[in-house]
Structure formats: C-alpha cells, structure tokens
Amino acid sequence: MSKTSRIAVGILGASGYTGAELVRLLARHPDVDLRVLTADRQAGKPMAEVFPHLAMLALPLLTKIDDVDWTNSGLDIVFCALPHGTTQEVVARILTASAGAPRRLRIIDLSADFRLHDVATYAQWYGHEHRAPDLQKEAVYGLTEFMREEIRRARLVACPGCYPTTSLLPLVPLLRARQIDPDDIIIDAKSGVSGAGREAKQGSLYAEVGEGIHAYGVASHRHGPEIEQELSRAAGGAVVVNFTPHLMPMNRGILASIYVRLINGATADDLRATLTRAYADEPFVQVVPAGVSPATRHVRGSNHCLIGVFPDRVKGRAIVLSTLDNLVKGASGQAIQNMNLMCQLPEARSLEQLPLFP
Amino acid sequence: MSKTSRIAVGILGASGYTGAELVRLLARHPDVDLRVLTADRQAGKPMAEVFPHLAMLALPLLTKIDDVDWTNSGLDIVFCALPHGTTQEVVARILTASAGAPRRLRIIDLSADFRLHDVATYAQWYGHEHRAPDLQKEAVYGLTEFMREEIRRARLVACPGCYPTTSLLPLVPLLRARQIDPDDIIIDAKSGVSGAGREAKQGSLYAEVGEGIHAYGVASHRHGPEIEQELSRAAGGAVVVNFTPHLMPMNRGILASIYVRLINGATADDLRATLTRAYADEPFVQVVPAGVSPATRHVRGSNHCLIGVFPDRVKGRAIVLSTLDNLVKGASGQAIQNMNLMCQLPEARSLEQLPLFP
Amino acid sequence: MSKTSRIAVGILGASGYTGAELVRLLARHPDVDLRVLTADRQAGKPMAEVFPHLAMLALPLLTKIDDVDWTNSGLDIVFCALPHGTTQEVVARILTASAGAPRRLRIIDLSADFRLHDVATYAQWYGHEHRAPDLQKEAVYGLTEFMREEIRRARLVACPGCYPTTSLLPLVPLLRARQIDPDDIIIDAKSGVSGAGREAKQGSLYAEVGEGIHAYGVASHRHGPEIEQELSRAAGGAVVVNFTPHLMPMNRGILASIYVRLINGATADDLRATLTRAYADEPFVQVVPAGVSPATRHVRGSNHCLIGVFPDRVKGRAIVLSTLDNLVKGASGQAIQNMNLMCQLPEARSLEQLPLFP
Amino acid sequence: MSKTSRIAVGILGASGYTGAELVRLLARHPDVDLRVLTADRQAGKPMAEVFPHLAMLALPLLTKIDDVDWTNSGLDIVFCALPHGTTQEVVARILTASAGAPRRLRIIDLSADFRLHDVATYAQWYGHEHRAPDLQKEAVYGLTEFMREEIRRARLVACPGCYPTTSLLPLVPLLRARQIDPDDIIIDAKSGVSGAGREAKQGSLYAEVGEGIHAYGVASHRHGPEIEQELSRAAGGAVVVNFTPHLMPMNRGILASIYVRLINGATADDLRATLTRAYADEPFVQVVPAGVSPATRHVRGSNHCLIGVFPDRVKGRAIVLSTLDNLVKGASGQAIQNMNLMCQLPEARSLEQLPLFP
C-alpha cells in the first residue's frame, strides 16, 4: 500500500504508556501512517527522548494538541490517550466544526470519558456533570468481541478499561447462557503497575510497590460501575458485583480471579464449553484446557486473553480465571483491533506479536 | 539468665527458609541456647556457608538428624522444619523411647504432618496413611491466639500453615460471633515465593515467577482442608470454603482477600468491632482503621498480622483483608510465640522486631 | 513463499529459554517451516504444555533427538540449544554420515561448545578435551556484524555468548581503531536471570535472586576467555581483560559497563564517532546520543544493541555502556540473524519486533 | 533507664525513607525518647498514616519544623533527614541562638549539606554558595569506623552518603596501607531505588525501574567528589576516581564492585589481610572468606557491611566487593551508631538486628 493511501493516524497523549504502546504496535502496521503525536508537556521533543525504546523509529515530533492543524493534517483516525476528564472536551472540540477537523475523522478513545452511558452514573463516579453528553450517548463501547457491527460504523469508540475487558470477556457469555447467578459474582482482580500510568505519584514508586501487594480502591474503583453496565446488558437486568482490585509488583498484566455461583444445573465443564464455543473463531481469546491456570506471563506483550475454568470444592460454585496484558488487549491492542474493524482491515493486523516469556 | 539455665533448643531442618528464620529470631532470644542444627544434605558445613546472612552468629555446625546425641544433648525444645511426610517418622522416633531423647523434650512442628486431626482426611489429602496416628491425635494445633492453654501443656505442637494462619485469624472470631455465613466464604489468597521453600524447583525459578502472577493448586491446595477443620470448629459444624492461592513475584508476605456474606443483621462495622474486641489485648494481631488497606509490606519481617474490613457494594456482603509475613507469623515467628508460651516466657520475647519497609 | 519451498528448520533443545525464544521469533518468519522440536525429557508433549505462552501456535510435538529421522526430515537448518558439553557429540553425529542427515544440513549452535578455537583453552576452561576438535576448528564464530562472509558460507556457526556479544560489539571497533589500551579493559557486566537457563537450580530461585544483587564467577566465568579470544583478534595481540558478571533481579537484559583507557590522543567523542561510523548501516546496533544512558528496558524483547560513551572524570579514561536482550541479540535473535545470512534472506527478517517497555 | 533520663531525640524530615528507618531503629533503643517528628507537608498527621508499618508504635504527631518548641522540647539530639540545600539553613537556625534551642543540642545530619569541607567544591557540585560556611567547616564527617574521636566530641556530624560509605570502608585501609594505586580506582556501584527517596519522581516509578537496569549520573554524581575527598585524606594526596552508579530493580542495598591496581608487591590476599586486620574489632564491618561474593541480600535491614576480595585474572589487579543496606549502614543505622558514640552508649545499641533473607 502506498504511503498516501494509508490510514492517516494521530495519537493524542503519546507520552503515556498507552500512547507509547500504540506507537509500538502501529509502527509495524503496514496500512498506517503515523502523522501526529501530541504531548502537551513534552511538545517539541522527539519521541526518542521521552521513550528511548522507540528511538529506532522515524516519528513526527511531539506537538501540543492546540498546535495540531486539524484542517490540513488529513487525519482519518485519532487515538485519544489523554487523562480522564480532559478527554471529553478535546473530543467534543475535534468532532464539532470548531476545530476544523475533516468530517471523516473518527476517534478511538482510551480514556474512561465515554464508557458510561448513563449521565447520572457518570456524574456520581467522576464527580462532575459530563461535558459532552450527546457524544456520551453516541459513543460505542469498544469491547471488540461483542460490538463489531457497532464499532465498524462508529464515529467515536470508547475502549473498555483494562479490568472491565479482563472481567467481561469471561462473564458476558456465561451470563448470556444463564449458567451463573448474576447476583453472586466476585471479581478479585490483580494488576501490574503500568495501569496507573506514567504520572509521578508516590503510590506508584518502585519502593512503594516492589516486594509487596495490597488491595486498593476497595468497593470504590471506577471500573466497578463500568463492569456492571456491561454485565447488566448481558444479563438483561441490573447486576451489582464485588470488584476488588489489587496492585501487583510487576509492570504488565492483569489476572481476574472470578468466583461464581452456578445456576440451571450448569457445571464448570458447561462453563468451559460455553466459553470455548463463544470464542471458537476469535483470534485473541483462548480458553485454556481443564486444569491449566492462565498466567499473566503467558500473554505479556500480546493481544491475547486467556480464560480458564475450575470447579470449586464448594458445591455449586466455579472459579473463572481470566488474564491479559493491560497495555495491549486491555488498552492499545484492543484499540487497534477496533481501528482495523473501522477501516475494513483484517482484525488482527499488526497484533500478531507473540507473548514475551520470560 | 546464665547460659546453663537457658532453654536448650534444636532445629531439625535448618537449611530451609523457615529454619533460617528460626535462627534469625532465636539468635536474639535472651533465654535460648541454640545447641543443635540439622540439615542432612549439608551436614558438616557451618550455617554461614548455607545462609551467609547469618555469618555474624556463632552457631553449631550443621549435622545429620541421625547424628544428634538425643541422650546427652539436653534439649528442651525441638523445632521441626522438615518436609511434609518425613516429619511424622522423625517425631515419632524422638518422642518414643527409641531415640533416647529426654522425657522433658517437647516438639514444635512447622510441617503439615500433625495439623489435620482426622486420619481419613489426612490420608485423602496426603496420599498415604499417617505413620504416627497416636501423635496425630495428641498434637495441639498451634494457632496461638486461640489455643494458649493447650499449647502451654502440649508435648507436640503442630504450627498452622501460612495460609491457614492468615485466613483463620480474621475468620474464627467472625464465625464465633455468628456474623458471617459459614457456607459462603471465599478466600482469594496471594503468597510470596519463599512459601514454596528452598528446594530447587522449576516452578520457583526467578524467570518463572518474576514479572507475572498466576493461581495454583486451584481447589486442590492442602491448606484448604486445614482451614476448613478450624473453621468448622469455630462454626460448630462442617464448613467448606473456596480457597484459591496465587503466587506473587515477591519473597515474603501473604494477603488473603476474603469475601463473606453477612448474617444476623451484621454490618462491616460490626465485623470490625468484633475483630477489634477479639484482638484488643493481642500483641501481634491488629485491626487497621476503616478505609485502610493492609499491605504485605507493612508486616514484612515482623510477627504482626493486620486485618482490615470493608463494606462491599453488593448488599449484605463484606470484604476482609488479612496479611502477615509467611515466614514469621505464618511459620517461624508463630512457632517461637508458641515456644515462649510453652516455657512460661513473655509471649512476645524476641519477636518485637518492627516491619522492614521499604 | 509456498510451504514446500521454505527453509526446513529443526530446534534441538526446544524446552529451554533460548529454544522457546527461537520458536517465538521463527514462528513469525515467513520463510521458515518449523519441522522438528526436540526435548529429551519432555518428549511426547506438545510445546504448549512446556511453554503455555506459545500455545497459540501450531507446532510439531516435542521429540527425542534420537528419534529424529535425519534422513527423511529434509531439514536445512538445525538450531542447537543444548547444554554445553553434550552439544559437541550431537553435532558431530549429525554432521558426519552416521546420523544420515542430508549433506546440505547446516548447524547454528547456541552453546559454548564451538566458540573457543584453541583446544588447550577449551580443555582448561571446560575441564575436558574437546570431543570434536575438527569441527571446533571449522566452526565460524557467529558475531554477525563482523563475520558476515564467513557465516554465509559456514556449515557450523558457533553463536557468541550473551556477555561476549554485549562486550565485543563496542570493544572490537575501538580496538581496531587503536583508540583504547588493550591492556586496561574492565568489563563490569550485569545480567538478568534467564541467562542461567530453565534448569531447576537453587541459585536461580526467585527467593535467592529477587530483591538483591551479587557478583558471581568473579575472575572465573567462562565468557572471559571467549571475550579475550575475539578482542585479541581485533587488537592483533593477546588481550586479557577483567570480566566480572553480576546477577540482577530481572528476567532479561544485559548491561556491560566497560571502563577503558584512551590512547593515541583519543577522546570519548572520538570513541563515539568510531562506533557511530562502524554501525552506521547496521540494523541492530545503535550508538545513543551523548549523555544518554542505554537501559536494558530499551531493548527488551528486541534484537537491538544500544551503545553509549561517556567521558570519565579521570583524565584519559572513558566509560562505554552496552546493552542488549540476552535471549534475543545475545542468543536466539543473533542466531536467526545468522540463519538469514546463511540462507540469503534479508538479515532482519522476523527480527523487526520493537522493544517492550515497560 | 527511666524515661526522663533518656536521650531526648527529634527527627526533622520523618516522612522520608531515612526518617522512617530512624524511627524503626530508635523505637527499640532503650535509651532514647523520641519526642519530635517533623514533616512539613504531613504536619498534623500521625506517623501511622504516613508509614503504616510503624502503626504499632506510640509516636508523637508529625509537626512542622517551624512549630517545634526548641526552647522547651529539651532535645539532646536532632537527626536531620531533610533534602539537600534546605538542611544548611535549618541547621544554622537551630545551632545559633535564634531558634532558642538548648546549647547542649547536637545535630546528626543525613543530608549532603555538610559533607564537603571545601567551599569551592561544594559550590561547584551543588550550584550555589554554601549558606552556613562556618558550620560546614565545623562539621565532622561521620564515617564511624574512622572518625570515632571526632564524632564523640562533635556538635554537628555529617553522615556520609550511602555510596561513599560502601566505597570508603574497603578503600581507606587499602590506601593507607599503600597497597593499591590511588590513580587507578574504578567504582562500579549499584543501588536499590530507596536511595532516591520517597518523592514522587517519574524516574523512580515502578514501571521505569522494574525489570531493568541502567547507569545514571555517569561521571557526574555528587557522591564522586565526596568519595574523593575522603580517599584523598587517606592517600595523603589528591585522588580522582571513576564512580559510576547504576539503578537496580530492588528496594534496598548497595553493591560497589571496585577495580584496583596493586602496588608495592601487594596481592589480593594482602588486601584481604589488611582489611581483616583493620576491621577485626568492628561490630559492623566483616571481611568475607576468600571465594565468597558478598550479596546485598545478606545485609538487608541490618547495619552490616560485607567486604570481599578477589584476585583479578589481569596481572597486578584485584577486585574488591563491598555491600551494605543503603538505608541502614548507608544512612540511618550509621547515624544511630554515631549517636551512640556521641552519647557514650555502646556503639551497637539498637543496631543488633540481623539481616532479613529472603
């Protein structure tokens, strides 16, 4: 494909980990031309200075969002990897006439700003009224495996959070199949530190995180209502779950250990069968064999999600284990998967990279 | 106290991590005289060669168990830090006439061999009939906080496993208070690697454990029935729990995230009040304030157990977090606490060390 | 390229880390057909069981070396990732008539068996006479950047060790340019644990390696004479160096901090200029800008080597920092680079993967 | 000792890692009464909130420096764990009449402000004129093992940096004995992350430090001139050294790998003999046996420094390895050792804690 016929891509917020991960994966995408990289506080610098591991790439200089020439940049797709809160205003500006962006421009957002559809829920969990409620309604929740048709047509895709992706991939098919009790779901989730972003925060320091673990955001993490929104959709009724995240001394990876109650006579084997069927043709979701425990290190750096199912010793219960790389399938990889869909490309393009172990 | 009036102590299996930890803690115990250290495969070596961090101590050479002069060593207390399975035969030999050990000799066992009281349960989980069933019956389960009287008089104390200690300390008072449903307990436990011992196993290699996490022994870990035995005692009826251990990329520390259903109108605050009351006078169990999440790094190297309670967003449920250092309160520290009890010494002696952070 | 016209490849010793890394990289190689994977102790198992991170690949079952049908397998290239010592006998058997391997078969060895050309040096450092001295003479030292012509024609390539690759890439051009004193070279090297292999050894346990560092093999590591052999070749005279390896609590990566004395009026800038010139056209060796400190995390998972040069505060001295991923450029990646050369393919094929950070 | 006759101690800057480490160690000191803890940004909070691992201690609330009642607090000793730069002004204020502190008050400073005696060197490396040059001259460099008499009498002790302590303990006796060339010393130093403090800095984030290593401050680290000042004193002439620090993915520990040239016919064994003699009666400095490589994990949490000596394969050279815990012997432990000296107490009091391994 000639460079001019490639998809012109911009990344807003390229100096964070998900931004760098988008660059890592898109740089090898044969159909993509990376034209714009923004990072307000690092504007003017080469990406190589901010992320030396990408120094071997020829990339545009980092620029400020306000300096992007929306009219002439010819962008087809913009990935938005900005902090929660500021995203909605930026996206609103770009998608309305004001910024002068081409009408064909479509946005794939990695922030939390457009994930929740209910304005009241949003206001409750994020502490302010949504500043672009129309776009909030328009946005498509970008859980690729369940929203392909909507994503293909969307102008604004809200990519799911890393914890929700890890939790929803196993739970949605099981709820749809009415094999688990929607009122008795416990998600004990464990994440690497990169999920907290690159901002300098005391809680993310090596000395605060290394050689130890702890739960955080107990019963108060914002991914809780996001998970519930999608589980409610799958169950056809309001679902409230226990969601307890823990911070792990590792860079990448999420593992959700999910404890469920079986209904309608289902067994752990039935659950595994349901999931195997649901993901039989999926390139990036695999159900591991009985007895195998999926590990974060088996998906590191890849776009894969592994799911395992175990019978519990407690009668009528099962254990579902789900793991993925929070920066890939949990963020940038899934975003690119969505881009491929939106641009009528093979869904797995540039995402074929195998996991890195050890 | 003069050296001759000190408690004469031997450690069988001093070349493992719990053995070394016993030495670390006992070396500063003013009432203890460390006389015998065994390690069959390292016999003849100084401890400094096997554990260079203990090189600053004057210690007896490592010897073989068979070379211990039971008759003349004058031992009062023997800590047994041998592998599961071999322990029962060694203990039986020592405690019966055959070995010639003094009758006053008492044993504090850190293995799993004497923890299960039911011979059938033992046989089922350990794959063979118990080889010292009389001692199995005699052994006192050494969960210090709940068994003080029995421990004081015991000839053979079976110290609890690290996972059971972490789980039982919060759960026993709650079951006794009938504030949680004994039929709906989920224990998602996370442990550092030292719990797997010092034996060279592929699964414990740095490259297999670092930078990643996974569940193991799902619904099949031997600490499950041990936890259930003691919870059943507390609940006054058979309890079966979900117990799912996970391996963490850290050396020390256990965190149990326990998900419970409230009964009899109890709230999370009631649970915290019950635990605060139960442990008000305990030197080593602390209930942290509401909103605080106990972290393994806050107990590292110490004999403390921290417990936190959170209300769940799911109505009628609560989250209990419990953490300790698997090698101290989860093994060698608790063993020494029991020794202090057995020898009428202040229970906290030589265990005052504060946690090491970071 | 149709499957039949692809290069037929076998990997001996596929159950170790370098074996798995060969599979990871070759699986995406468009010109390679992976036909044979051996692992004597795991024979009969699917690779997915031994390395679950590769479960998404369709691969031949693991087999024993003795069960390889050399006559009919049609192999073009065999990668040998066997332990030191056993390799030489296996290679000798394959390359002589006895095994019945096709005459076109060529071997790329990742062990240390054929790296040293001098039989006496080999015997001194490896404790026995070489068992295939003719092959030892024939073998080409596979430091790609300096041996392209020889590698293209070679029947047996001995890939350099990870430490030697890291050390030689910066030092060879500097010695050739006569800018550093060959008698005053100090190599303080630091490696991740995967370099020690997947064998269960106490010294590689997480609890022995995590949260700490130490030097090992001080003045006695076998990579010392290997480095000296090649430095002597570059300097045109016998070179002896200080080489001090250290074990780091990380999975992958090597950093060599090299302390050199400047001669012939050279400055640190001159050294950087020499290296920049030497590697101007190299796809995998980059000299970083002045003031930048190359980090192992900037090459993780990639085939890149980064080199930095700093002036020392001590007059007449300079500091050279060199880093690469020990399993890629330090082992399997370089081996594939050599295969590409031997098979007249573009040298970087299947090695384009960018570093994974964080 | 009754509480009133104890040494009244204050810690300025108690919310950093060295502050917390002072509390950890002093809390078990039988002769110390911890009266004042300051932390300007955390004033009003209990220490338990800032450092939950110390929650089991009864401690004064954190206060602002400006709120300390110097006149009535009755402090005997003040530990200063403030950032470089601000320290000198605070100390000057306290030690002059202005603050109203008792005349007996003595200060043990852990910052770099009073370590360099030369005003020009200070200005060059710290970018500004010293603001208390008289105190700079008065301050005693608190390298305990070599400055006991001066420390006993000092009003202001400037505790050495962690890298200097690690480097000087092996090098000073060797230079004094004229067994190594003062013009050919290379110090390749490796430190855990806690040395960078608790301030939120991007470079100290887990994701920037974990699973990787790099050199930093190459030829420009401020501990270079500090090391040289003391080595020059030992050598009796100006010494310039190579000092290259590296950041390690671990919390605690420093290892200095020091490469020296032997003079006056000395051998590595002579070096070991010199060091063994020099430290024969020292409680906290040990020379390990020939062939043993000292590891950071063998001193973790303790006040010990371990030193090993190896002959180099390069003729006329030797390798000296020195390790300690940067927060203990490299900071707070040495500071307390100095306090014990200043207060005529046994030097090792409250520092007997054994290393924590694993």
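A, B, C and D are the chain letters, set down in written order, and residue numbers restart from 1 in every chain.
Going forward, a residue touches a chain if its C-beta (ideal position, glycine included) is under 8 Å from a C-beta of that chain, and two chains touch if they have at least 3 such contacts.
Owing to the predicted nature of the structure, the values given are computational and were not obtained by experimental measurement.
Asker: So which chains count as neighbours of both subunit A and subunit D?
Answerer: B, C
Asker: Farthest from subunit A by Cα centre, which chain is it? Let me know.
Answerer: D
Asker: If you tally contacting C-beta pairs, which comes out ahead, B-D or A-B? Let me know.
Answerer: The greater number of contacts lies at A-B.
Asker: How many angstrom lie between the centres of subunit A and subunit B, each centre taken as the mean Cα position?
Answerer: Centre-to-centre distance between subunit A and subunit B: 41 Å.
Asker: Hey, how far is the Cα centre of subunit B from the one of subunit D, in Å?
Answerer: 36
Asker: What parts of subunit D, by residue number, touch at least two of the other chains?
Answerer: 17, 194, 207-208, 210-211, 249-252, 294-295, 297, 300, 358
Asker: Where on subunit A is subunit D touching in the complex?
Answerer: That would be residues 17, 192-194, 198-202, 204-211, 249-251 of subunit A.
Asker: In their complex, what parts of subunit D are in touch with subunit B?
Answerer: 17, 20, 24, 27-28, 51-57, 194, 210-211, 251-252, 286, 288, 292, 294-295, 297-302, 304, 352-358
Asker: In the complex, go through subunit B and note every residue touching subunit A.
Answerer: Interface residues on the subunit B side: 186, 188, 190, 207-208, 210-216, 218-219, 224, 240-244, 246, 248-253, 255, 257, 259, 293-297, 300, 310-315, 317, 319, 321, 323, 358.
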